[in-house]
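You will see chain A twice below: alongside chain B first, and alongside chain C after that.
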Partner chain A sequence: MKLRVKLFATLRNGRFDIKEMELPDECKVLDLIKLLKIDQKDAAIIFINGIHGDFDSLLKENDEVSIFPPVGGG
Partner chain B sequence: MLSDIELQLLKRHFEIQGWDISKQEALKNSSVFVAGAGGLGSPVLFYLAAAGIGNIKFCDRDVVDLSNLNRQILYTISDSGKPKAHIARERLLQLNSFAKIQSLKGEINESLFEDEHFDLIIDCVDNFETRHLLNKISIKKNIPLLHAGVTEFYCQVTLLIPGQTPCLACFLPEGTKNSGKGIIGAMAGIAGSIQALEAIKFLSKTGESLVGKILFVDMKNISFNTMNIKVNPKCKICSHLAR
Partner chain C sequence: MDKILRIDMGAPGGPKVKVDGLGSYAGLGGRALTSMIVATEVDPMANPLGAENKLVIAPGLLSGTAAAMSGRISIGCKSPLTGGIKEANAGGQPAQVLARLGYAAIVLEGNAPEGKLYKVYINKEGVKIEPADDYKMLPNYDLIDKIKASYGDKVACISIGPAGEMKLSAASIACTDMEFRPTRHAGRGGVGAVMGAKGVKVIILDDSGLQNREPKDPEKFREANKKWVDGLRSHSVTGTALPTYGTNVLSNIINESGGFPTRNFKEGKFEGVSAISGETFADIETKRGGNPTHGCHRGCVIRCSGIYVDKNGNYLTKQPEYETVWAHGANCGIDDPDTIAMLDYLDDNYGLDTIDMGAAIGVAMEAGIIPFGDKEGAINLIKEVGKGSYLGRIIGSGAAVTAKVFGVERAPVVKGQAMPAYDPRAIQGIGVTYATSTMGADHTAGYCIATNILKVGGFVDPLKPEGQVELSRNLQIATAAVDSTGMCLFIAFAILDQPETFQALIDMINAFYGLNLDADGVADLGKKVLKAERDFNKKAGFTAAHDRLPKYFYTEKLPPHNVVFQVTDEELDSVFNF
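Now for the complex of A and B:
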């Protein structure tokens, strides 16, 4: 299946900001995060098509996945 | 009613196309709670006071530390060791003595919101735990929450309106920890300035707001992105609200 993946802030370092990716069917967010070699604690906010997702969320064709690290200073 | 001196102080507002006395009076009659007077709170408080917001209450538990001064522009070296809440109030009144400015040195808690009306809570805190507390207060008291977070060269900002948009817990899991404390001071300035602008626009009903949208700014690579965000139907904090 095809996905559109967006990374933000420090997650872009050595990776990309936006990319079309091809993943096997039945993949979960955790599979994507492992593929991208992102530490789970660094994936603080996950949106799938603008709705909160978690590591166990099942992905489907043409989903847009956005992953943010914790940007929590003030 | 705005005095002649206030009208002089705010002269440049009235040179903005579409700005008029009703918008300025809306700001004068507004009540805002600012949670935190640090890196975000400094520009937020400065610009809200400068813009003629009539009632500003803020809370901060800390004293000024030298390591704050790369970004917390309300303070100077001579303020080191003094409570931020007290110093900031003095500075803000020097800028706008027509505003009612209240400051509290201490922790944020629900009792601060018991007997007072606020049109907006502005999240300028430095940890996710307090942000979730502010989110619960926002939902319980039905007060919009203007969220921001900042680190290194990055920030995120969104305006959360109970019953209309997602709440913070819709997309930010409780228990999330900060990744680090590194920050370029000017980035906190950008994030806080965006918050101040959003607050002024929201309170004066001007332009479009970050309602149902999250703005993400990456100044390392110079990009501004907004993304539409939706309510999480499984949210434990706000899914009971009618929409």
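Now for the complex of A and C:
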């Protein structure tokens, strides 16, 4: 299945900002994170189509996945 | 810090100085002190610009000590913007310097006769008040240049720009930073207008010859401070994210969540976000020879600010905060960092709240005064405020006034104060804080973004009403306590996640004052402050009807999630049940 993956802040270092990716069906967020060699503790906030997800969230065709390290501000 | 400096600006024959003991205010600092003094001494029905109002300036309990992050100052009064009690909080150098001078608070009372303007100079010898006619209508940067020529750059200043002198209800009070620039502002609620009404242009604080305040138990204090700093440095938000990207690291994440208010709160995602994100700002600052990692006061270990330089490498302004980038960026449909930085500089220079200015321009754009995305137009509107034209005075009075004058229904305000950078429909917890805070719409009063979006201190689904009241209540209580310590609110990211870091803060307060405070005691302080503030607002005429969002947040769906604010009135009315 085809996915749009967006990385932010320090996760972009040595990776990318936005990428169209092809993943096997039935993939979970955790599979994607492993594929991208992102440490689990560095994937603090995950959005799937703008809705909070977690490592176990199942991905589907054309999903947009955004991954953030721990961040804060205000 | 065992005395209160009172200056009666309206005394016959000129300003009169009196130094009081702490009396019943002993043990209070920061917001606790400003709110208690205002609640006790100011008639809730007073006109905010009248002689009965008081402007209270208080460093926090730990300001002026070696405690890291303790450089926040609270400025309180009855607000000309909201008509309720106000505490506006700023960084910069003044909190540390004022605390070392021994003052728990400066209270400006009475109003100087119309047309009179003064400067107040305070050092270890005492207080000198002189006419400041040659400072009249000077913007903050020009004022600070003049002061540098007369007093050097080792002093710290608290000042107003033309907006404060014109008594505009979105006028801020500037505090100088480590480089002696007027970049850190007590922005919200029109506190600058009250200082203008008092007739004080600037307070110059000189702590030469003075040392840090000494704790009762230096050994325990040192130990706790070390744990404190270690805790802040090891937490990923306070140790990595904030230093690297600053507060504007939030633009991308709030945009992804669908709660990034765009074009006067019409949409929740901005197509130009990438160009104005924290990542982009940090990149620009590094490439042009600015600095993306810089503290706002000495003793800050988080260093979330930075230095923004123009295309030629010349200083333009400090790194604009997330709220400013959003207000002048997405909210106005502007995606140009240099324009946003210029607007930040102009706001600081004229002495204006960046949130209410961005919101006011967004409203003016909706009214068709200028189109959304008009960079030059936005700059010109802020310049109009500096000039004091009629149009400028309207904008400088904030989003609520601007909406009324131009007949715009969508005024994103609560109690007259503009909402900050989070749409309460897509992030419902912050909507509870906006609606019920004693301050009007204020994200810092109970920062539910932490738990709704950033997954700090747990997780409560931002799109649902469940759990938001309890979240906002607990955060409002904790914040009222933190705002009283002089600590930067960003410490909350670490203390919400790390109990040992929270304990280190309590240990520091105990070691400094010889107390036995525990976590419950901290919460009790927060509750006491909120109750005093609520009580003041009630007497000023506020009812449950004022604890609501504007109607359109309940009826107009916000894309992309197409949600409305769903927390019920009954639930909102239960926030202060404690």
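The rule is short, and it goes like this: the second predicted complex is superposed on the first by the 72 of 74 C-alpha atoms of A that agree within 3 Å, B and C clash if a C-alpha of one lies under 4 Å from a C-alpha of the other, contacts with A are read in each partner's own complex, and residues count from 1 in each chain.
Criterion: a contact is a pair of C-beta atoms (placed from the backbone, for glycine too) under 8 Å apart; a residue touches a chain by one contact, two chains touch by 3 or more.
Not measured: the values here are computed from a predicted model.
Chemist: Touch check for A:H52: first (chain B), second (chain C), both, or neither?
Modeler: both
Chemist: Kindly list the residues of chain A that each of chain B and chain C touches, one partner per complex.
Modeler: In chain A, residues 6, 8-10, 12, 17, 44-45, 47, 50-52, 66, 68-74 are touched by chain B and also by chain C.
Chemist: For chain A, which residues count as touching chain C in their complex?
Modeler: On the chain A side, the touching residues are 6, 8-10, 12, 17, 44-45, 47, 50-52, 66, 68-74.
Chemist: For the complex, give me every residue of chain A touching chain B.
Modeler: On the chain A side, the touching residues are 6, 8-10, 12, 17, 41-42, 44-45, 47, 50-52, 54, 66, 68-74.
Chemist: Spell out the residues on chain C that touch chain A in their complex, using ranges where they run on.
Modeler: Its residues touching chain A are 236-238, 240-242, 244-250, 252-253, 256-258, 269, 274, 278-279, 304, 322-323, 443-444, 447, 449-450, 453-456, 459, 461-463, 489-490, 493, 560-561.
Chemist: Would you tell me which residues of chain B are touching chain A in their complex?
Modeler: 36, 38-41, 123-128, 131, 148-152, 154-156, 166, 170-173, 176-179, 181, 183, 188, 216, 218, 221, 223, 225, 227-232, 235
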